[in-house]
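In the two assemblies presented below, chain A is common to both, partnered first by chain B and then by chain C.
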Partner chain A sequence: MTTAATGTSSIANEIQLEVRDRKPFSLKALLKNRWFLYTVSLTLFFGLWKYVDYTRVLGNGIAPPEKVVVAIWRLMTDTVAGKSLWGHTWASLNRILIGFAIASAIAVPLGILMALNRYVNAVVKPIFDLIKPMPPFAWISCAILWFGIGEPSKIFIIIIGTFVPCLLNAYMGIRLIEPQLYDVIRMLGGNRRDEILQVGFPAAFPAIFAGLQISLSIAWTCVLSAELVSARSGLGFIIIQGMQLARPDLVLAGMVVLAFWAWATTLIVTYLEKYLCPWKRETSLA
Partner chain B sequence: METKTQSKIECRNISKVFIQKGTQRVHVLEDVSVDVKPNEFVVILGPGQSGKSTLLRIIAGLETPTTGTVTLDGKEVTGPGPDRGLVFQSYMLFPWKTVLGNVELGPSLRGLPKKERRETAQHYINLVGLQKFEKHYPHQLSGGMKQRVGIARAYANNPEVMLLDEPFGQLDAQTRYFMEKETARIWETERRTVLFVTNNIEEAVYLGDRIISLQGKLPGRMHASYEVNLPRPREQTEMKFLQLRQQITDASELVL
Partner chain C sequence: MAYEQVKVETPLILRVLPVASLLCFFAVWQGVVDFGIVPNSMLASPTQVAALFWEKLFVAEPDGATLLVHAYISIIEALTGFLLALAVGIPLGLLMGWFVLAEGLARPIFEMIRPIPPVAWIPLTIFWYGIGIPGKVFIIWLSGIVPCVINSYVGVRMTSPTLIQMARTYGATDWDIFKKICIPSALPMVFGAMTIAQAYCWTTLVGAEYLAADQGLGYLITMGRRLALPPMVLLGMICVGLTGVAIGVVIERIEKKLLAGIRR
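Presenting the complex of A and B:
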């Protein structure tokens, strides 16, 4: 803290903090520089990728990074199976939005109700515990048998996959509320309804949002696996097309676009939470 | 004169036994009787695990006594209510509400019109010295400021009795001294009947008109009662202050 400004008396303490010498270039400092290390890390990654392609250890199974970029560019301008990249993206996104909306609209209120009412809890919990450990993809065959290979079966998989984290987080969100917060309401003259409205909902809100966020990333996994099994459109379909045409650049391009949209939609939910829970803003940013 | 004034709070032979895990009985309070006169500042003093917080929660109506009764203005207490304002050790502010929102909570639960509840809240925010912080959220405040909000919130509902449960237990020593001074000032401005729970002898002598000390192990029993006849504002370094503090310390050590 007191590095610079030698020879001055203690009155200058405040100024001493501001005076900081620019350090001369050194290798040690460079190796500790965050941005330098990021560059090294990414260079290594893409270098290794290029190298694997160059030595052909994976045969024709891999395309170099630049070809993937070209493939993404072509996807944006050309069409695959009669749909542009935007069309396929929208097909996947549409399934997710419908499935996610249905699942959260049922699971969140049910989770809250289970946490607030022990009779509802006693009826729903055994069934829920039975279904909970089942991986959503185990349902794909059932879904196709019940709903065919069209849209409903894919949406069904997304609902199954996102239902569990939505419900669980809403339930735990209510359950883990500090009981003394309810005491505050009761001491101030509030009734049971005030307890739920003034404490229950707002206190559980962050947990509910965490559940929605987890659900959304699961929804992308679900839509992909459903599309890999049977689909005529969607980002999963592009990946399958690339595999069947033996075009690794198309497979990787599909994966990159998918990752981008999964990231982007999660970001939207994150920002929605920050907007709706201003009291968490300072703590959860950074 | 003293005998004629009716007690504000009367605790008659309070005992409390908690049943844990179905069978285990924990005897927390045994035959505790406390009378508090109107506008009196009574401190309940006891070390950790002496049942003092439980006694306060019983008076608040958040716990029911196993035996005995609590009456407020001659009416038996059967549950929590807005005639008593409770200040919590760990603040218990609502993190999703601003300072103003937290202080307004009581008046808004009672259905006061917006203008009126805002005025009330503002009055008490000013009283505790938090003007200009109305729009802050609790996580932006220091511990001392949070408890100021806690005190303002309890006051804003205009309770007859203020119950404070080790309100400064989580504060550092310096802030604690300052908050004790503030508590005395606030109480001088807005007189209420106060029951103040603490484990700090100095704090008890500084604030109380009367100190009721509980025995230092469970079940909590009445141990001694001290009238504090020191003029306010008090000074922690005054001779009489130190004498009383020493007297209580010596007496407590006998029990421990």
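Presenting the complex of A and C:
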């Protein structure tokens, strides 16, 4: 604990006093210790998991944590349907990257264009509003009717799912720029081009990135649901395989690996954002 | 307000363009099907969908229920999951925002479960609950609870420290501060969570019904595909979209009513 003892108002006379008081060990202090609580929480969670498995409340519907770890290990070394865990992960990741790249390459410029030009907005907005409320899952059937059950239909669903938040965020990002910023660039003698390049893009960048972040998590959901419906590779395939073989350890292993990758990709985008737009002011959530 | 709202008359062309764009969209859609550019086995024209809509209002064949029954089942499932998510998620998030004990206990588990897409739970819920309503409600609940917790948590965290310090100065207890300052100041975020959670719940519902259902709008779409009936697929999609929008509007209305006295 540091306290500043100031005898006079002059800062130069400020003396920093290091006061370190050793607190007696108490339950109250322990209950405020974050790391202790985290440990308790995780212990409780895994304990409960193990207990639920032990009592067979859910019958054969759950596998204990250690079996899941073994299942993940097995997946890494053995192959399921001709592919190891890495192959399946890459299959899912590959679909996401392709779909995500195509969607953001179309949606972000379109959103910006819609926000900047009201004629484009007048033409595209009604159609977009028509498509927007349909959940990406609703397109799965259409995609299968149109593209069969191969790779294109899965990528199509990812594109549809990620398109909406990308476009919406790019659009809102430009639209919600504070008018003061535009005033500044106008006062400095900027023209329309300067307004867009110097103010519009940098100010909308955080919003666009937020859209990409949302898109990414939606992309994981989309690829998973597409794989659950029909696939021969991918993490969703592992999960569905576990379901068909009535092996909850395989299902849980698929879920754990999926959670890890979804988390890792989100982390990458977060760092990318910090690197690319350090001027982002609002603190990110949670 | 530094910026006065100036009423600008919208030019005629800007009022005509959206209508024209929509008309064009439907005309192209109809044309593409009618002239056989896209085979009818892949895409149904708007008129076919409209005709099926009228028919499905009264006829239960071939998927076993009329449109209203499907919609009713879906709405009941989505609302149950949604309300349960609100009932659990919002208090949890609020507590996590203020009390170290709550955060320390709930956060690690929450962070572990959060990145798993709700759809991934479907196989497990089928193991646990079969394909009935409880399983679907569970998945919808899972998808709705995440935004509820995050938003309430952030809402409490964004409480102005000045207010908290002021309350401390006047000798308020922790619980008093939480009740009288943190919760009211978090309310706008909490209501924001309602909108997000509703959208998530509705999306997940369709996913859940895809894999395991015998009634509901998502099931209608799946049956459309299995029976190779493109009009039914499209009808299901449109109904899902419209119902989602309708629920969203209702929730927005409620939110406006409740938030009337609170400054944004």
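Note that the second predicted complex is superposed on the first by the 263 of 286 C-alpha atoms of A that agree within 3 Å, B and C clash if a C-alpha of one lies under 4 Å from a C-alpha of the other, contacts with A are read in each partner's own complex, and residues count from 1 in each chain.
Note that a residue touches a chain if its C-beta (ideal position, glycine included) is under 8 Å from a C-beta of that chain, and two chains touch if they have at least 3 such contacts.
Please read all numbers here as calculations on a predicted model, not as lab measurements.
*Asks:* So, A:242: does it touch chain B (first), chain C (second), both, or neither?
*Replies:* Only chain C is touched by A:242; chain B is not.
*Asks:* What is the contact status of A:181 with respect to chain B (first) and chain C (second): first, second, both, or neither?
*Replies:* Only chain B is touched by A:181; chain C is not.
*Asks:* Using the superposition described at the top, determine whether chain B or chain C touches more residues of chain A.
*Replies:* Looking at chain B versus chain C, the one contacting more residues of chain A is C.
*Asks:* Could you say whether A:198 touches chain B, chain C, both of them, or neither, answering first, second, both or neither?
*Replies:* Once the two structures are laid over each other on A, A:198 reaches chain B alone.
*Asks:* Regarding the shared-chain residue A:190, is it in contact with chain B (first), chain C (second), both, or neither?
*Replies:* first
*Asks:* Which partner does A:127 reach: the first (chain B), the second (chain C), both, or neither?
*Replies:* Once the two structures are laid over each other on A, A:127 reaches chain C alone.
*Asks:* For A:54, select first, second, both or neither according to whether it touches chain B, chain C, the two together, or no partner.
*Replies:* neither
*Asks:* Classify the contacts of A:146 with the two partner chains as first (chain B alone), second (chain C alone), both, or neither.
*Replies:* A:146: touches chain C, not chain B.
*Asks:* Between chain B and chain C, whom does A:25 touch in the aligned arrangement: first, second, both, or neither?
*Replies:* It touches nothing on chain B or chain C.
*Asks:* Once the structures are superposed on A, label A:138 by its partner contacts, choosing first (chain B), second (chain C), both or neither.
*Replies:* After superposition on chain A, A:138 lies in contact with chain C alone.
*Asks:* Show me the chain A residues, by the header's touch rule, that chain B contacts in one structure and chain C contacts in the other.
*Replies:* 180
*Asks:* Could you list, by residue number, the parts of chain A that touch chain C in their complex?
*Replies:* Checking each residue of chain A against chain C gives 31-34, 36-38, 40-42, 44-45, 58-62, 118-119, 122-127, 130, 133-142, 144-146, 179-180, 217, 220-221, 224-225, 228-229, 236, 239-240, 242-243, 246, 248, 251-252, 254-255, 258-260, 262-263, 266, 285-286.
*Asks:* Which of the residues in chain B end up touching chain A in this complex?
*Replies:* Going by the criterion above, the answer is residues 60, 62, 79-82, 84-86, 88, 90, 92, 94-97, 105-106, 109-110, 137-140, 153-154, 157.
*Asks:* Residue numbers of chain C touching chain A in their complex, please.
*Replies:* My answer: residues 2-3, 13-14, 17-19, 21-22, 25, 41-43, 100-101, 103-109, 112-113, 115-124, 126-128, 150-151, 153-154, 202-203, 206-207, 210-211, 218, 221-222, 224-225, 228, 230, 233-234, 236-238, 240-242, 244-245, 248.
*Asks:* Applying the document's contact rule, which stretches of chain A touch chain B when the two form their complex?
*Replies:* These residues of chain A touch chain B: 178, 180-181, 183-190, 194, 198-199, 202-203, 205, 277-280, 282-283.
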